[in-house]
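Below you will find the structure I want to go over with you.
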Amino acid sequence: MKVGVLGARGRVGTAVCLAVGEQDDLELVAEVDAGDALEQLVESGAEAVVDFTHPDVVMENLRFCIEHGIHAVVGTTGFDDARWDQLRGWLAEAPGTGVLVAPNFSIGAVLMMRFAAEAAPYFESVEIVELHHPDKADAPSGTAARTAALVAAARRAAGSGPIPDATTSALEGARGAEVEGIRVHGLRIRGLVAHQEVILGGPGETLTIRHDSLDRVSFTPGVLLGLRRIREFPGLTVGLEPFLDLD
Amino acid sequence: MKVGVLGARGRVGTAVCLAVGEQDDLELVAEVDAGDALEQLVESGAEAVVDFTHPDVVMENLRFCIEHGIHAVVGTTGFDDARWDQLRGWLAEAPGTGVLVAPNFSIGAVLMMRFAAEAAPYFESVEIVELHHPDKADAPSGTAARTAALVAAARRAAGSGPIPDATTSALEGARGAEVEGIRVHGLRIRGLVAHQEVILGGPGETLTIRHDSLDRVSFTPGVLLGLRRIREFPGLTVGLEPFLDLD
Amino acid sequence: MKVGVLGARGRVGTAVCLAVGEQDDLELVAEVDAGDALEQLVESGAEAVVDFTHPDVVMENLRFCIEHGIHAVVGTTGFDDARWDQLRGWLAEAPGTGVLVAPNFSIGAVLMMRFAAEAAPYFESVEIVELHHPDKADAPSGTAARTAALVAAARRAAGSGPIPDATTSALEGARGAEVEGIRVHGLRIRGLVAHQEVILGGPGETLTIRHDSLDRVSFTPGVLLGLRRIREFPGLTVGLEPFLDLD
Amino acid sequence: MKVGVLGARGRVGTAVCLAVGEQDDLELVAEVDAGDALEQLVESGAEAVVDFTHPDVVMENLRFCIEHGIHAVVGTTGFDDARWDQLRGWLAEAPGTGVLVAPNFSIGAVLMMRFAAEAAPYFESVEIVELHHPDKADAPSGTAARTAALVAAARRAAGSGPIPDATTSALEGARGAEVEGIRVHGLRIRGLVAHQEVILGGPGETLTIRHDSLDRVSFTPGVLLGLRRIREFPGLTVGLEPFLDLD
């Protein structure tokens, strides 16, 4: 498959170019960055692109790709309902073309969320601990909040009862934040990168699902998976999970 | 549902009686142990039994139950191909009756194995660490060996390549045992009960699935789940996994 | 050494009697409980006692022991400054007699606190996570609060700067409780017993000290250590740490 | 303090230059690499050097420094008894000058080893798990083998009994390698960097000391500590531990 990379000289784009170049079944045919003409993609015969660019330009990029029947694997952020509608509209007129937009290309993070939600109905208790470097501005992390929401939804769907907690006397903050009824704790420690643990417990046993992201290259296997399977997913796909064969 | 317990005065049976007695939707109607007549089950109107007895008597118990249309949830060991055939033969003539035989009723252990196998094709590396009290006679544990076999099968089915390992100089045993190509490490530490960790890794990230069994009551939620759903599973079911709604 | 146990029929006392009885170098000579005469201790020749009784009776027990030159290893709670003064007064008149009062006889917990405090000055960041069963009423745990105080004191003594934290946007409670400037997070999960993790971090590395208490027998090695070394510690000792040869 | 760096253009040396340059109390006055004259150190008034060079040149570097009364903090390898003797001989004639040679400048690793050895006599069981990326050639790691030796020595000094292990049936390698009687397990997982866990256990409790090295900058705090305290340690010091105020 011939692949073009948009944002090819950015930090992530550079890593994507490198990773695509190392694969036997993928060929890097176009490296496009700000100021370069999108026509390069057509001229080079790109069948799919990877877009890690900027919210300001991603819609223009995608319109061009969809018009030319080029699949897209997108890690750029800034999508909202208006943009989803726009994308779906464009894709309706390009029936064989696929666009995958994912907030997180780390397969480990996607599986952690999936497994946590699947397991949640079978345990009385569940809490989330996320651990990051101390330069992070928000707490809890977006991934932790998203995990909590998925876990809470799975418990609601299964009719799970309230999570037991006999705490009657607590220092403020000792029991963490509450996201849709799920307790979430955020640690900020120098030396860490990005880590999360979901701990589920029932009588006499606990199940812990932990994801450690130690290096930013962790998104490459997810991007490569997206490229390899994008043809099987015409239309818009949000999130990497459908590309994983979890049944 | 009216429930009878076979092996009711054994350690596990006692715990099962207690747990069943605490449920609103289950009624404990018969506690049978060695020397007691199985007819008690019929007289008390038991719709299902739990059997934690002994390989010597379990087949007799099950024949009686199946003949009387009583479902059975079985944690007794010692089944082999001949016994499975026998059970299937009996059940063929009792079409509405279900028998669940599970080597492990811990939902956490079942989910750990399931998630490890599901995740395995998406990571280059996977190893298993099991940790138990030092009075255990075998290493690795049966659960670790079974997890390794499931992980290896999932990798084979996905066409995964060999697990990377550049070790050229090692002390004997330093890299653990190999079970179907998967490295397994067994620790024996005073104070521990039964614990297992499956560590999967790819570029820049790891996913760890850990099960801690801290108390033998960990089998009760699985037994209760078995009772509540046994009617939906006529015939023979081996292993608790089908009773969990994992799709 | 001849040992008497006060509170011998309580849960802890029973375990102490059992443990003392199993040692070659200790002899269980008196099992005293409510209603029994303390004179038993003298008659049986007890050289030391273990007291896990009640705040209402412990002072009376200790007065008797000190008067009769019997050493005491005490796990009973409820001491305050007035009681410490009283004890020191009695002991001043019994110069060879030792009394050890410890809030925690778990050697693992004592070492965790000690190591956390020793390491704290060498790392920019430190946070504490404590994990307990959900029937616990207070958060954070007493051990976590004590660890935080010790860590904070060690950092102050070393002139450590503030712990880095760039959080500007947080859900309430997401960053835990603050105990003397140290962040403490409390989890309540069914299936857990009592666990604590101290995570310290500097550029590119973290050091984690974790204590898992899985069974209440974890106090016995500390009690036995107290008995074996009490003769070397005449007067009042508060806390088990001096009995550990940490230099 | 005026600091020179030897091997200043190597990977580690570059990081050291950067770190020294960021400190208020240290001044980077000389960056020396292969081909540069050592006289630069004298001309620039360097009071101490950091040497991360090569076994072939380190002795020459140290002879020069000691002759000129310049302290040295050394991470270069390749020392043997003959070299230690040589160093001690030179230092005997330069009484105020200090040389610190350390195999590991990670404070976390040094503390992990220290704490493991201190705790070892108080627990029945101890095992070591080291986890590294799969491109590592040897197993177990040097740090794990060194930890095992320290733990074994501490147990011998305390007269500890044998570690309990009832294993009678084991797959080859399942119980790890044995280093001076201590079981050591090596994992090789893509995505990991360098990690080690020492697990100690007694009745009902475990104590785990874990070090995670996530980035090579983890040596810089140890090097800076070495520089700041080298004046207090005239003569030869091997290993960073004495520079840590552990009492």
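For reference, chains read A, B, C and D in written order, and residue numbers begin at 1 within each chain.
To be clear about the criterion, a contact is a pair of C-beta atoms (placed from the backbone, for glycine too) under 8 Å apart; a residue touches a chain by one contact, two chains touch by 3 or more.
Note that the coordinates shown come from a computational prediction; the quantities given were computed from them, not determined experimentally.
Engineer: State the smallest step count from chain B to chain C, taking one step as a move to a touching chain.
Structural biologist: 1
Engineer: Once the contact rule is applied, which chains count as partners of both chain A and chain B?
Structural biologist: C, D
Engineer: Return the chain whose centre of C-alpha atoms lies at maximal distance from the corresponding centre of chain B.
Structural biologist: Centroid comparison gives D as the farthest chain from chain B.
Engineer: Compare the two sides of the chain A and chain C interface and say whether they are made mostly of the same residue numbers, over half shared, or of different ones.
Structural biologist: Same, since over half the interface numbering is common to both chains.
Engineer: At what distance in angstrom does the C-alpha mean of chain C lie from that of chain A?
Structural biologist: 46
Engineer: So how far apart, in whole Å, are chain A and chain D when each is placed at the average of its C-alpha atoms?
Structural biologist: Computed from C-alpha means, the inter-chain centre distance equals 39 Å.
Engineer: Quick one: report the Å distance separating chain C from chain D, using the average Cα coordinate of each chain.
Structural biologist: Each chain's C-alpha centroid was found; their separation is 34 Å.
Engineer: Show the residues in chain D shared as contacts by 2 or more other chains, in ascending order.
Structural biologist: As it turns out, chain D has residues touching two or more other chains at 123, 191-192, 200, 202-206, 212, 214-215, 218.
Engineer: Chain A touches which residues of chain B in the complex?
Structural biologist: Contact set of chain B toward chain A: 106-109, 111-112, 115, 118-119, 121-123, 200, 202-221, 225, 244-247.
Engineer: Show which residues of chain D lie in contact with chain B when the two form their complex.
Structural biologist: Per the stated touch rule, the residues are 123-127, 129, 131, 134-140, 163-179, 183-192, 199-206.
Engineer: So in the complex, which bits of chain B are touching chain C?
Structural biologist: Answer in residue numbers: 191-193, 212, 214-215, 218.
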